[in-house]
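Both complexes below contain chain A, partnered by chain B and then by chain C.
And then the complex of A and B:
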């Protein structure tokens, strides 16, 4: 045959390369099934009135209803307030704890890392129950006893609009910094000792070393933690769901909780999907803003 | 300009944020989730001939303390009665029952039967997923039930399952405290009480030392969605037995509603109820009742008498598992007071076995088999055992017969009080269209519950809440769709 005389076309995948692609394929398939497909489905459902026995295409009605919904904008406002109050403080606390752990001996470092990471592996529901107990509105509640020592009257922490959001913020401040602490600690250990030695030769103080060496060196880590913390905070759901149910009078209704309610309480999956896509767009814009203004001189 | 790395990072960040929120996404019609329920339905759909083998699946929570222990026996007894049929029970906890069922329903593959409250039927009817058993429920089956609870399982002209029990929402009192306060509880059980009488009674139940209240007159669980129960139960005896009047006008815009809200706030302002009431959940108020921190509690179910007795026995036996700091309590069933001069109407809870369909229309044989299974679970020995466990009244002839040989340690006064309340139970309203019902539920969740929480916390006035509910009602039903008195 004429074709047989030509040299066979060389395959680009050969030898171990086949296995490389096989292993990549596993991750790709899992991603496609459990991430890409649900996202695509959510996009399609956002244009439908979803019914198990047959959905109806309704164009942009779900988006229009969302933009007209006062509760949606209130939930966005609550989420922004929660994010602004929790993320910077949480990052600062993680940074300070990491700085305090850094000079310790390795074994002691490990103990503290384990202690701070423990709440991350604990069940969020169990933690919420403990917090419900702490926020007990009656005079015997732990927080009420604490403020009672300073002569303050007992507070209805989760039942009053004045304190419900603040209670969730306190909960965020005082729990689950484990992952951030470990990432900060790893970054701190990665700073070359020669910087500190040079600073010592110049007679730099602790605060000068912190300001001129540590903080600039940790900027990529801080940016990473800031972006992921803001994404996580915008998606906050569990705390509001378990602690306040969004109340009182929607004072703690976050957008994640609103999406859940629309989907599973009212079966308005189309509206819930539209709201989740709008939320994703907001998160993308916020992330873009962070990269543009905070990530100018960051290499990552 | 951003480099490619940054663009990729942004894209991934956006994707991850969307994917975290897309768990709520449903499936296309042909993408049924694989579950025992789905397989049961699918297998059943294929069985065409009468007497052919069939499997009926049921998703059941722990209806009573010993209910789930009897599942194996129930399956065996059902199979002995219908040798060609298999009852496959999937247990669920109360906590994840609704979520589990809703997920299966929205995936188009629900169980054939699920145990839910009758108030949940309308949303499944609206979705087209509840299965109408009217044409397969035989007269022998329907004739076994008391008429009132059976009506609760209807929506429009359809019968979507069979009731397991009908319990009345009452209040519970501590006999010793009631008598110390000079309250003739036997008369109250028999004749009821008005709001003014109730208000004076709970004032007498308060015990204070200085600024501190060691016992309240009345504590009702109102935290979160429980505030819906509180208002709903009281509204029935305030001239609003349902969210809609008989001519289908939204009732909670009546002037009685405003008076009710004013009264509910007044009891807190009197100091008869704690000012932290909006954060008191069901567990907390029961703890307060058993530890002597309140004279009367709500909502009360008949089974609470059993719980109190069990705790009393633990105290007598010096058992460490008794509620910490609890005292012995004789539980007295009390009716809800009447408001605004209205007649007493008892709030009831009717739960039962509701039938569902999958994406495929079930065959007539499978429908008939579902009816057989739902009837089996809600009548005779199964119902007698479960209802006795719950101290709930029997609502089937076969259940009463089976229960005749069973003994139950229950106060005769409480039994009579429950019977009196059941005699003026709120009637079922299958005439309320599912669409109207869905709108009312949305107003309840988005306006009534949040505003009620704010009212109980003292952040808004009754008039503010009334105005907010009225505005939402006009938006949903129009000026002509609401009560304007």
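And then the complex of A and C:
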């Protein structure tokens, strides 16, 4: 992204013509075939009623049908609810954990980084199976046992539309924050000590330093994590697909899952392509909005 | 002198503070590690239907029966592990090699269209995968007719933009003078790349290798779409099929989950440094 600004003369060497392109050839070919071509093709398919032998052009019908589809709006709402409930909590938890790891000895820091990163390496399919049993609706289910200690009644966690979304949210809260913790910690370690020294001279308390030094200094990091987390959350598919299948009664049908169902359950490729492009547009707008309003004094 | 006032409190105060912190951190760690713990201890239970078991938080019984139940479910269950290893191994090798090459060119060589090409590559990272999934499926299945083959599993992941980006980020810190003096000495571009750049880029190559292998091993969606017989499925897809065929067999399901997760745990514990480094290489100065 800092690509255009390369004033330093010596940062590049003159290549030998053909070799320059040879080095990037494979990457470019793979990109052209498996990313660029599919994106262009998605635009074309979105204006078609797709059939394996000769599709027909139907103009904006797929888009019009999508905007008239209640389920589409429902899935957008579900995606937003899921994002709003998971992303801020995940960022806050990562921030707090990073702050707590900071004063520890180097060895202990590494241990905690590794411990918190471990769930990241476990396969999502494996973890979703485990959570399926944790949410077992029987009284013996782990989560029901847990809330039983507080006197709450059994819930049919994934099987009832009142709790299914909340169950997926809990799963997100208690899953891997490893990457954002490590990124926050790296940013915390990068804050110049002189800020703290000046604050100490003024007799600033821990919370004052947190508020006036740490939070402003970490703004670029927070913005980066926020944007990537929201992009990821808008595409969420796997947990909903494996745990609830979007149900019950479409309570957990997110946009990503709706697109999958349209494409590979009902084989309406045109509609799925149109919806995926609408999703891409929403994600682009939301990211742009965040950079514009939250990133005013952040250079990227 | 830092965020925490190390100089004001007494030594005992500092120890007390750190103890409280460690306890809090451990509690939250317990909560996030619980699913993994529960998965592993439950996998050693008897392979009986769920109605007959009561979940226990402590390892009560130790038997490998559930593991044999999982492997006996399909004669291809060993194949799934083999397939996952082949696919993950192949894309790891190609990614390390081609991403390093492209990263080198984009960070160190001056050629026409470099900036534009790199921006176009980067733009792809903003596109949600839902956009490409349908056309990619059509391309592989209807155009190339290679569904249910290793090619279908491997080709789309041969080299990813993210890895090119990682390599480029890392290599911009290699001093250009080294390459210039090599050129003066009469090294060709290929020699510069193989003799100078690659040895200096071992760290980023290791990071790319590990992250790519892990992603490929854990990926579910693409193999699920393009495989349709059990002998071509990967462990993640096989695990999902096992689950739908044996919805009530709790311990065997946990055994299967453990089998799919443990290779990555082993990899993580042996190469932890690169895993943790990989997180920050990608994020700093995005």
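As a convention for this text, the second predicted complex is superposed on the first by the 270 of 300 C-alpha atoms of A that agree within 3 Å, B and C clash if a C-alpha of one lies under 4 Å from a C-alpha of the other, contacts with A are read in each partner's own complex, and residues count from 1 in each chain.
Note that contacts are C-beta pairs under 8 Å (C-beta built on N, C-alpha and C of every residue); 3 or more make two chains touch, one makes a residue touch a chain.
Owing to the predicted nature of the structure, the values given are computational and were not obtained by experimental measurement.
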When the two structures are superposed on chain A, do chain B and chain C clash or fit side by side? clash
Which partner does A:288 contact after superposing on A: first (chain B), second (chain C), both, neither? first
Could you say whether A:273 touches chain B, chain C, both of them, or neither, answering first, second, both or neither? both
When the two structures are overlaid on chain A, which partner does A:114 contact: first (chain B), second (chain C), both, or neither? second
After superposition on the shared chain, which partner residues are touched by A:236: those of chain B (first), chain C (second), both, or neither? neither
Which partner does A:20 contact after superposing on A: first (chain B), second (chain C), both, neither? second
After superposition on the shared chain, which partner residues are touched by A:38: those of chain B (first), chain C (second), both, or neither? both
Considering only touches as defined above, state whether A:172 meets chain B (first), chain C (second), both or neither. neither
With the two complexes superposed on chain A, say which partner A:103 touches: chain B (first), chain C (second), both, or neither. second
Between chain B and chain C, whom does A:246 touch in the aligned arrangement: first, second, both, or neither? first
Of chain B and chain C, which one contacts the greater number of residues in chain A? C
Which region of chain B runs into chain C, 93-101, 111-119 or 129-137, after the two models are superposed? 93-101
Overlap the chain B and chain C contact sets on chain A and report the shared residues. 34-36, 38-39, 41-42, 45, 50, 52, 136, 231, 234-235, 256, 259-260, 263-264, 269, 272-273, 276-277, 279-280, 283-284, 287, 300
Which stretch or stretches of chain A touch chain C in the complex? 1-4, 10-17, 19-21, 23-24, 26-28, 30-31, 33-39, 41-42, 45, 50, 52, 93, 97, 99-104, 108, 110, 112-119, 121-127, 129-134, 136, 140-142, 145, 174-179, 182-183, 186, 188, 191, 193, 196-197, 200, 206, 209-210, 213-214, 221, 224, 231, 234-235, 237-238, 242, 255-256, 259-260, 263-264, 269, 272-273, 275-277, 279-280, 283-284, 287, 300
Residues of chain A that touch chain B when the two form their complex: 34-36, 38-39, 41-42, 45, 50-55, 71, 135-139, 154, 156-162, 227, 231, 234-235, 244-250, 256, 259-261, 263-267, 269, 272-273, 276-277, 279-281, 283-284, 287-288, 291-292, 295, 300
Report the residues of chain B in contact with chain A in the complex, numbered from low to high. 2, 5-6, 9-10, 13-29, 99, 102, 105-108, 123, 127-129, 212, 223-225, 274-276, 278-280, 284, 359, 438, 441-442, 445-446, 449-451, 453-454, 456-457, 459-460
Which stretch or stretches of chain C touch chain A in the complex? 1-6, 17-18, 21-22, 24-25, 28-29, 31-36, 38-39, 42, 50, 54-55, 57, 94, 98-99, 101-102, 104-106, 108-111, 114-115, 117-122, 124, 126-139, 142, 155-156, 158-159, 161, 164, 172, 176-177, 179-180, 183, 188-190, 193, 214, 217-218, 220-221, 225, 235-236, 239-240, 243, 250, 253-254, 256-258, 260-261, 264-265, 267-268, 272, 275-276, 279-280, 283-286
